[in-house]
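Order as written gives the chain letters A, B, C and D; numbering starts at 1 within each chain.
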Amino acid sequence: MNQAMIETGVVESTPATLLADLQELRDNASYRFDRLLDVTAVDRGETLELVYRLHSLQTNRDLVVKASIDPAKPEIVSVSGLWEAALFGEREVQDMFGVVFTGHPDPRPLLAPEDGFGFFPLRKNYKLPGRSGQQAGR
Amino acid sequence: MAQLKLEHNGVTACGTELYLLNMGPQHPSTHGVLRVLLELDGETVVQATPVMGYLHRGLEKLAEARTYPQFIPYTDRLDYVSSMCNNLAYCQTVEKLIGAEVPERAEYIRVIMAELNRIASHMLFIGATALDLGGMSGMMYTFRDREYILDLFNLASGSRLTYSYVRIGGVMNDISPEFIELLRKFLADLPGMLTEYDNLINGNEIFQARLKGVSIVPVGRLISQGVTGPVLRASGIDYDLRVKKPYGIYNRFQFAVPTGSVGDNWERYLMRVLEISESAKIIAQALENLPEGPVMAKIAKVIKPPVGEVYHANETPRGELGFHIVSDGSTKPYRLHIRRPTFYNLGCVNALCQGVKIADVAAVLAVLDPCMGEADA
Amino acid sequence: MFGIGLIKGLSVTLRRCFSKPNTVEYPEQRLPVGPMFRGGTLDLNQEKCIACSLCALACPNNAIELATEKTESGKKALTLYRHHMPVCLFCNYCVEACPTQAIHWTQDYEMSSLTYDEQIIDCMAAKGGAR
Amino acid sequence: MQESASLWVGLGRVIKQAVLAATGAPWVAELVHTLAGVVGILSIILLSALVLVYLERKVCAWMQMRLGPNRLGPFGMFQTIADIIKLMTKEDIQPAQVSPVMWGLAPILLFMAAMTTYAVIPFDAGVIFADLNIGIFFFVAVGSQATLPMLMAGWSSNNKYAMLGGMRTVAQMISYEIPLVFSLLGVVMITGSMKMSDIVKAQEGLWFIVTQPIAFLVYLIASVAETNRTPFDLVEAESELVAGPFTEYSGMRWAYFFLAEYAFMVGASCIAATLFLGGWNGPFLPGWIWFFIKVAAMIFLFMWFRWTFPRIRVDQLMSFGWKVLLPLSIVNVVVTGIGLWLFFPLV
């Protein structure tokens, strides 16, 4: 993690080092990314890419931190200890992609019903069902 | 209900027992279908847990099955009281992705529409806040005035709520001289409307007493929670995307960004009131400099962006609305993620509600100005 | 300070109490829908329609159901044109997509009906307002 | 003056004499006369509720630049009648978890309390059901009985919103009862009587609103709180507690609450008119019309408040009642006492 990488705006991280990297980005005086704007994920087929969007109010700079995990074993450390915004963001990713955030204090479904959807809608292997019955358009 | 386990040991210092109150999803003061689980000690809130998802429509998944222009009507249905701003944010994201230029006139029209929509949204906010605090007439007054803006939108786009007016590469159609004339009249009338709100709502001592000094949260906590928009600015953070990361042609306009100092409910409310007149200033400047010309760029009928990733955020009335689009080169987005301001703003409900009375839960929910269509995507 | 704001508020409501109301008595009086009105149902001009199905392609939500057949002269002709109003987003894309301006919105905004099926408008059968 | 009094007194006398002539038993005549009074008061309550619901809607609509009910009958006047028919024909739903006896009793008790207060209201010279020599005391005592049914309704509904509403009722009514009583005390001190007719007679020259402006203000605020209307409608507090103690009620039971609420409002207005606005005194017109005008003005004031002000918070309500209203009313009593001692020293 160095200045040049941060200038590009996108930083690759790994599930193992994610927490340490983000902590560094938040606390290091030369970065000071004090806001986590968004947590989301992209299903890339072989990997599941988690996207952490950081922003610094001091320097008004953006940074995207990415970490790829195995979709078959979707587990990554929760960053909700660093930013409270992750409390909601991670729960949404959990509902939509089935990612388990270890160490999340409140891992109930947020947008999904209390017992979950039963599937993970934003994964690519979930296909949108067509409309049923009378609504059938084209 | 009474058998529900309490997370605390259930007994407070006074020997009173905590109990759970389920506020919503059908409750007069939770905007839309938000549900808040309140853990109460008498009238005082100990813990407030927002529960949402009642309006989840899977917009992000739907986007993967729609072409780029086809998703514009869906952005209307995100935050349905500021559709123009949503349209604008989405279209600018796609334009950034495909590298399209937007004609000058269209840029100005976009600014006019977005700021008008901001005024409309804030008017609704003022009325809803007054209603949540029990002042029923306030809402009628702001709705009357919001109606003028909706009529203007109807004139321009043919719709009063879901405009789909901003399109990729420009706007749907040009505004007519009649529109400009009516808009000028509205801008002239606006100070009168604001004075009336001042007299009826803002200036009322009961109203001020209800909001002042309530739910002050350390600003660091709000930053950590990813709160954006007027709620953050009320705590003294001068962060408005229109100024800090000017999108479109916002760098050409002179306007102030109101910021608070205390960060109580009153300032969160006041931010919106002050923003109305700032938005009016922007509109006046845009009208002044409105150039002639086309309102739509030459954009291919079928939009095929290059492979890549793009994120673009706009300042909507509720905060930072960002679209994150991953393109695989086809006509449909591979992945579209929406950073919804309401969703993250609701994260601070618990922090704001702790220690306040039940009555102020309604006030907190009002000043957060949540729009559940947006929070639930 | 204390009381002035209350009295100001009272004066506002009292003044409004004697001013003209802003409401429109709906079934008798109607507001104009505006020149760009998007709503109501699709009004199909069958003479103009060339059965290109661009409208159905443009629709984000598959609200237009159409079927075509080849006529003897080799041209395409419509056999079915249905507007599924409950799923319609009223985004105007179909009207904009039409190369011959064969579809327009009806100016009707009273679209409620008792059953779902009544909401599916057969635009070939209907002339003007579909109901 | 009493002899020239209105047709109502005459009407009562005619009824009495007619019955006396028909039966020859004085006690029957007395009974019928009393019953006529009860019927009269009941009809006043019901009619006033009928008219007030309509007026409330109209006033609300005017203040919000709307039209209000205007479909049923001339100017929508029959709207309330339609509503009553609707309420009466509604299914009587009793939620499964309520405590049935209390839950059923609460609306009736509340309505009874509201009705009983009318006994001491002097509508005109001589037109008073019971001109007790403790008239005001009776009003205050019976009026405060409203607390209990509201708490009963809130508690027995087995609903947390209702419970909160019931608790708020108790807190609010007790807090505002005291300044209310103290504000009435000033008037009583001047007249030296708690009898309604004496108080009105004392105002033949000067209304007490002139000599007791602070008491009037305190009474006004406290009575708004007592009648649970905005800005003190915390008991119902639509945007917080849904409907407070009435959350689980529907149909005719709910209508009882509604009726009682309006009855209390009219009652409070009547007392204000009697104690501060000179009761039936006034030139040219008959007394009962004057009284009616004064009550109507008070009711308009109540409605005006309701459609202008937002709601106050619980803790603010309490601190306002105890820290502002109560001291103010006590000061008023003291000042009145000093004034009386200076100008009318006791013999």
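To be clear about the criterion, a contact is a pair of C-beta atoms (placed from the backbone, for glycine too) under 8 Å apart; a residue touches a chain by one contact, two chains touch by 3 or more.
Predicted model only: the values in this text are computed from it and were never measured.
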Pair of chains joined by more contacts [C-beta pairs], C-D or A-B: A-B
Far-end chain from subunit D, centres as C-alpha averages: A
Length of the line joining the C-alpha centres of subunit A and subunit B, rounded to whole Å: 23
Mean-CA-position distance for subunit D and subunit C (Å): 52
Distance from subunit D to subunit A - Cα centre to Cα centre, in angstrom: 61
Chain centre separation (subunit B, subunit C; CA means) in Å: 27
Multi-chain contact residues (two or more partners), subunit A: none
Overlap residues in subunit B, where contacts from two or more other chains coincide: 137, 141, 144, 200-201, 204, 206-207
Of all residues in subunit D, the ones touching two or more other chains: 63-66, 307-309
Interface residues, subunit C side, partner subunit D - complex: 6, 9-10, 12-14, 16-23, 25
In the complex, subunit D residues that touch subunit C: 59, 61-67, 70, 304-305, 307-309
Complex contacts: residues of subunit C adjacent to subunit B: 1-6, 8-9, 11-13, 16, 22, 33-39, 58-61, 89-93
Complex contact set, residues of subunit A against subunit B: 34-38, 40, 42-43, 51, 53, 57, 60, 62, 64, 83-85, 87-89, 92, 96, 109-113, 121-122, 126, 128
Complex interface listing, subunit B residues touching subunit C: 66, 69-74, 76, 137, 141, 144, 151, 154-159, 162, 164, 172-173, 196, 199-201, 203-208
